[in-house]
Structure formats: C-alpha cells, structure tokens
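One chain, chain A, appears in both complexes that follow, with chain B as partner in the first and chain C in the second.
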Partner chain A sequence: MGMQFSAVGNITKVELDGRLDSVNVDRMETLFAANLVPAGKSAIVDLSQVVFLASLGIRMLISTARALSRSGAKLALFGAIAPVMDVIETTALNEIVPVVRTESEAIALVST
Partner chain B sequence: MTSMDHRTLRAGRPRQPEIVDGELRLLLGSELTAIEYGRLGLARFLAPLALDSRVVNRIEVIFEELIANIVRHGFKDMTGGVIAVSAFAKPDGIVLTIEDNGAPFNLLEAEEPAPFESLATARIGGLGIPLIRRYSRNIHYERLKPAPGAAGELGQAHSGRNRLVVEVPRR
Partner chain C sequence: MNHQRTMFVPFAPRAEVAPIDLRLHCLELVSGPVSRLRHIIGQLDMNIGRTPPSDIIIADTEISRVHCSVAQRDGQIIVTDLNSTNGTFIDEVKLAQPTKLPVGAVLRIGRQEFRHEWRTQSEIAQTDEFDRELERANNYVRALLPEPRLGGPIRADWFLQPCARLGGDAFGYGDVTENHFSVYLIDVAGHGAGAAMHSVAVMNLLRQRALPDTDMTDPAQVLATLNDLFQMERHAELYFTMWYGVYDRRSRRLEYASGGHHPAYMVSADRNDLVAMYARNSLIGAVPGKTYRAESAVLPPGASIYLFSDGVFEIVTRDGAQWGLNDFLPLLRNQPAPDPLMLNPQPPGMTRSRQLFEQVSKIARPGGFDDDFSLVVLTFD
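Up next, the complex of A and B:
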C-alpha cells in the first residue's frame, strides 16, 4: 500500500495506492493519521488507485475525519473506482464523509 | 464440503490451495498474513468463473472480513488457530464455507452498528458485519464439537469449531 502526501494550497492531499485491507491498514494507519491530524489542515484523499476497501479502511477514514473535524478541518475523498464505491455506499461512509468524483470537487468541498 | 478433522487441526500450517472437483480448499494459519495467502487462492479459484467484477469484489470483501475477524478476535488467547476455507460455484451463486477452531462467534447474532447520524457519533467497530450481510444470502452458522482427536490438543482455550456458510449471488 503506497501513500504520498503533498500540498494543494493550504490543503493536504493524500494519494493512496493499493489495497485498504486489514494487513495494510494495520501498517499505515498511524502514519496516515500522523501526517494529517496534528497539522489540523483540511485534507483530500485520492482513492483512484485504491483497488480494494474493507471495514478497517473505512474505520481509518472515519477516525481521521473525526479527528480533523475537532480542529475545524474537513476531509473529503475522491476518485473511488466502482468496487470501492460499492463498499463506501454499502457502509454509508459517504453520509458522514464527503465522497466526490474529482479532485477539484474535493478541494471545493473542504475549502468552504 | 469436507469438514475439519483432527488431521487438519494437527497440521496447523497453511497448505497450498487445492481445487478438487471444482471445489476450492484452503487451510490458513492464525496470522494476519493468512488473509493475503487465502485471498490469492480464492482469486485463482474465481478467475475461470468469469464473474462480474462487482461480484468478485464482494466475495473478496466477505472473505477479508470473515478471516480478519477470526484472526483478530477468534484466536485471541490461544495457540494452534486454524481456518479451513472451501468454496464452490452454483449456477446462481458462490458458496463459501469457513470453519475455524477459535472462540465461538455467530455472525447472525452479532449486533450491527447503528446507522451513522453524524461524524462525531459514528460507531467505527463492527463495520464488516453489514458488508457481509448485505453482500450475501443464505447465511448459516453452527457451533460444532471439537474435531475428532483434537480436544485438549494445541493449547486451545476454546472447545469446538465455528462453521459459517455464506452464499454470494452471481448477480
């Protein structure tokens, strides 16, 4: 599972690559949160290269979004492929964390 | 589906996946890496079935959720955890059977997390349960007696086996 962080203005962008399954979330969750939460900046997560998502990945995203919201920051996800979107919709993650199609939509969401 | 017997439990080590008469048979150990090992065996079994990619993903999600739950929770405080997986294809679905010698766990009685109301109050545990339930049908659970010859062996904290059968529709 790959993870890259960059800045888009005052927003942190995270690009994830691979499988958000139990083994990978175990390995990366601390680093994911550590690179986002302390800064307290709004963030967008590019899911376009994520090929698999399971419940531990959902949990990681909710936990991080919640922690950011305590600082007044927002988290938005974008670019999910169909199987990943299927899991997102089945768990209703998109009802509490915005999930949009494009990076520009995600930026617009977290900038408001 | 061949149920676990004492030879399977004594083996306790992953074996190469087998496909016998169109049925997948996998034996997994108690580490998290067992999930990936099993997933690859499952993928090899599913490939020739030409299933819709959404169905394949749903089967993988169910597999991931069930095996991860057993490894993380079912095998806590015990040694010699073993998971036997089998799968076969029906005309309208794929049937997965997962048998393990861990702590009793009946998915059908597990509480589903309440629907999300807000980010602040969202419960983050147990999210695999709605995924398994919504992606499958005809879920059947049994708590079986210990496999013959296995009682008292391997330092097990639990007596007996869980046997869960789920079917994933082809459409």
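Up next, the complex of A and C:
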C-alpha cells in the first residue's frame, strides 16, 4: 500500500495506492491522520489506484474527515474505480464524505 | 618445611542469573478459530501430512499423506516437499527444492497456512494467555446469539466464523410482538476486543428491546435511534453497518432498512427469483440526527432470506482475484430448495449457512477470510 502527500496550493493531496484492507489500514492509519489533521488544511484523496476498500479504510476516511471538519477544513475523495465506487455507494459513504470523479472537482469542492 | 595451610575461601555469592528464555521456532496457524494452533519445531526433523506416520497430522483432503518435511539446520528452518500432489508453498511460491523458511514467512500446505514465528517461551505463555482471553470473549459473544430454529413456520440457521482474531459481527432474530418477527445483523468496522464489545453493546440493547422511545417493529426508527446512541466520537471512533428487518405474520410483509449495509437477498422457493432487499441509508454512528428510511416486500410462501456480513464475499480467490458481492450471489440461487419435510436429509450440522461457508471456503485462497464470516438464513413457510 502506497501513500504520497503533496501540496496543491493550500490543499493537501494524498495519493493512495493498493488495497485499503484491514492489514494495510492498521499500518498506515496513524501516518495518514498525522499528515492531515494537525495541519488543519483541507485535503483531497486520490483513490484512482485503490483496488479494494474495506470497512477499516472507510473508518479511516470518515475519522479524518470528521477531525478536519472540527478545524473548519474539508476532505473530498476522487477518482474511485468501479469496484471501490460500488462499496462507497453501498455504504452511503458519499453521504458523509463527498466523492467526486476528478481532481479538479475535488479541489473546487474543498475550496468553497 | 611444608606448611600445609588450610585456607577457607568463602564462596563468592552466586550471581542471580535469570533463567534463559530460549527462543523456539514455531509454526502458527494463520487462519481458523480464535485459539492459536502452534507447532514447535524441535531438533528432530518432522513430517507434515494427512495420516500417520507423519508427525503433524492435519485433516485436509488437499494435503498428501506425507506432504512435506520441516527441519532445523544451523538455526534455520528448511522445508522440503515430499512429492505431494498439490505442492508446498512459501509466501505463495511453490517449492522445487529444499527451501529456507524465513521468520515471518507463511508456509502453505493444502488449505492450511502457517506463519513461522520465533518466540521466547515467555512470549508463548503471554500469547497463550491472550488467546485464552479472546476465546472467552468469543464464547461470550456466541452465548448471546440465537438458537437455530429447525421447525415451525419461520426456520432459521446461521454460521459464524470469526476472523483469525475476534471480530465485530453479531446478529439476532426473534419475536418482537405476537405478530412481528425481527432479524438483524451488525458489522462493526474493525477487529479485536473493542469491536466485539461494541457489537455486544448493540446486541444487548436489541435483545432486551431497550431502545428508548422506539417502536421495535419500525426498522427506520430502530436504525435512527441506534445512530444517535452510538455516535463514533463517544465510542472509540467505531461505527457499524446494520441490516434490520421486521416480518409481519399477518400480511407476510417484511419491512427492512440498511444502515450502510449491503442488501439482504430473498430467494423464492423455486429458486427462480433473487431479489435484493435494500433501503440505502448512512452507516450507523457517523452523523448524528440522521433520518433513516425503510422499504418493504411481501414474501411468497417458502421464500428464504439470506442476510450476511461483507466478510462472506470480500475474499481473495485462489487465483488471487478480489471477489465481490456479485460474485457471491450465484451461490444463493444455486442453493438447494428448502426441505421442511426432510426428504433429503443433510449430514448433522450441515445447515444451509454452513454449506455456503464450505462453498466459499473452496473458492477463497487458504487463509483468505480477512473478516468475520456471518450468515443467517431464514425461511418463511
């Protein structure tokens, strides 16, 4: 499981790569939150290279979105492939964390 | 002149030496029940197989009678395949010659996966104690689960296989009123004691029908109340998904709601119809004050409802492919029709839920269940 952080203006961009399953989330959850939450900046997460999303991965995304919202920042997800989007739809994750198709849509969403 | 002198030399006080805590090479079963199955590799070579004279005997039809040998050479563990039918694998690489098994690597034979651990005796004692505690917790969760209903107009059976550690699945069913019968399944995100405690807390409220100001025959109300009671920030950042349904015996109508949970499925008695029973709502615990909505359907006589956790279908197959819900559904349609008159009796314990577990197990790679496998089957005459 790969995880890359970069800055897009005042927004943090995270690129995830691989399986967001329970084993990988256990390994990366702390690092993921530590790079996003203390900064208190809005963030976008690129899911285009994520091939599997398990419930612990969903928990990581929700917890981070909630933590960011407490400091007035936003989190948006984009680029999910079809099997991952199925999970997002079924769990209604997109009612809690906004999910869009492209990076520019995600940037626009967290910039407002 | 020789003077013989006797000298009294006091013994130096013996230093307090801690007993040596030897490290032992162990093969530990990766998947399976909560209790850790461990084989300690001694100085003597050991053979693993399905029958004697193997030293470690494993009842798995995919394992040859004498399948492979495990030996300690200069502190290293060497595995040799003994011309087995299905091969011996280390980290999914088939062995062609005697091969070193590094610490942390996984040895697969048949459907069994063992991790090579190098543990001190005190670590073994600690993990054994931890496993016993998990086993007790697992037994407690199981004690709260309902008895199968083998007879009567509503029959039910279930199968639960926790993942290697304790998981967060729970389910239940039973009469809510004289005319209403409820069934639910909870899947807490996460594993271990925390997730299990969370599912037990929810299950106990439902068993006691103790939700405040809530009509337990109204699935939307039940989910909304649970959502307000179990907000993540007050419960260690845990959320859960849930499917809750209530069957009205008078009208044969099943009303149901999902809180972030995939559909349950209705299969008609003739197995021709497979209908998703899904009312999309947010998962439970993430956003306070959510309104939930329910759907309903009339169940034809003899229809079965299959309710399950995502651990049933989120598996990796033997080919390394990721399975999903749509891959699992054909198994439901292909299940044998309900057999209330027991015209085709199955072996004891081979319920429909267990049959499905066996079928999925054959498709999953060994150790392929990363999550709890929970499946409830109900049939409504």
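Things worth noting here:
To be clear about the criterion, the second predicted complex is superposed on the first by the 112 of 112 C-alpha atoms of A that agree within 3 Å, B and C clash if a C-alpha of one lies under 4 Å from a C-alpha of the other, contacts with A are read in each partner's own complex, and residues count from 1 in each chain.
Operating definition for what follows: a residue touches a chain if its C-beta (ideal position, glycine included) is under 8 Å from a C-beta of that chain, and two chains touch if they have at least 3 such contacts.
Owing to the predicted nature of the structure, the values given are computational and were not obtained by experimental measurement.
With chain A as the common reference for superposition, the partners chain B and chain C occupy clashing space. Once the two complexes are overlaid on the shared chain, A:48 sits clear of chain B and of chain C alike. Applying the stated contact rule after C-alpha superposition, one finds that A:111 touches neither chain B nor chain C.
By the touch criterion defined above, A:69 reaches chain B but does not reach chain C. Touch criterion not met for A:35: it reaches neither chain B nor chain C.
Only one segment of chain C in 3-11, 93-101, 147-155 or 255-263 runs into chain B in the superposed model, and that segment is 255-263.
Across the two superposed structures, the residue set of chain A contacted by chain B and also by chain C is 21-23, 52, 54-56, 58-59, 62-63, 66, 83, 86, 90-93, 95-96. Against chain B, in their complex, chain A makes its touches with residues 21-23, 26, 52, 54-56, 58-59, 62-63, 65-66, 69, 82-83, 86-87, 90-93, 95-97. Against chain A, in their complex, chain C makes its touches with residues 187, 189-191, 232-233, 237-239, 241, 260-262, 280-283, 286-287, 310, 314, 322, 324-325, 370-371. Touching chain A in their complex are the following residues of chain B: 32-33, 35-36, 53-54, 57-58, 60-61, 64-65, 68, 71-72, 115-116, 118-120, 122, 124-125, 127-128, 130-131, 134-135. Against chain C, the residues of chain A that register as touching in their complex are 21-23, 51-52, 54-56, 58-59, 62-63, 66, 83, 86, 89-93, 95-96.
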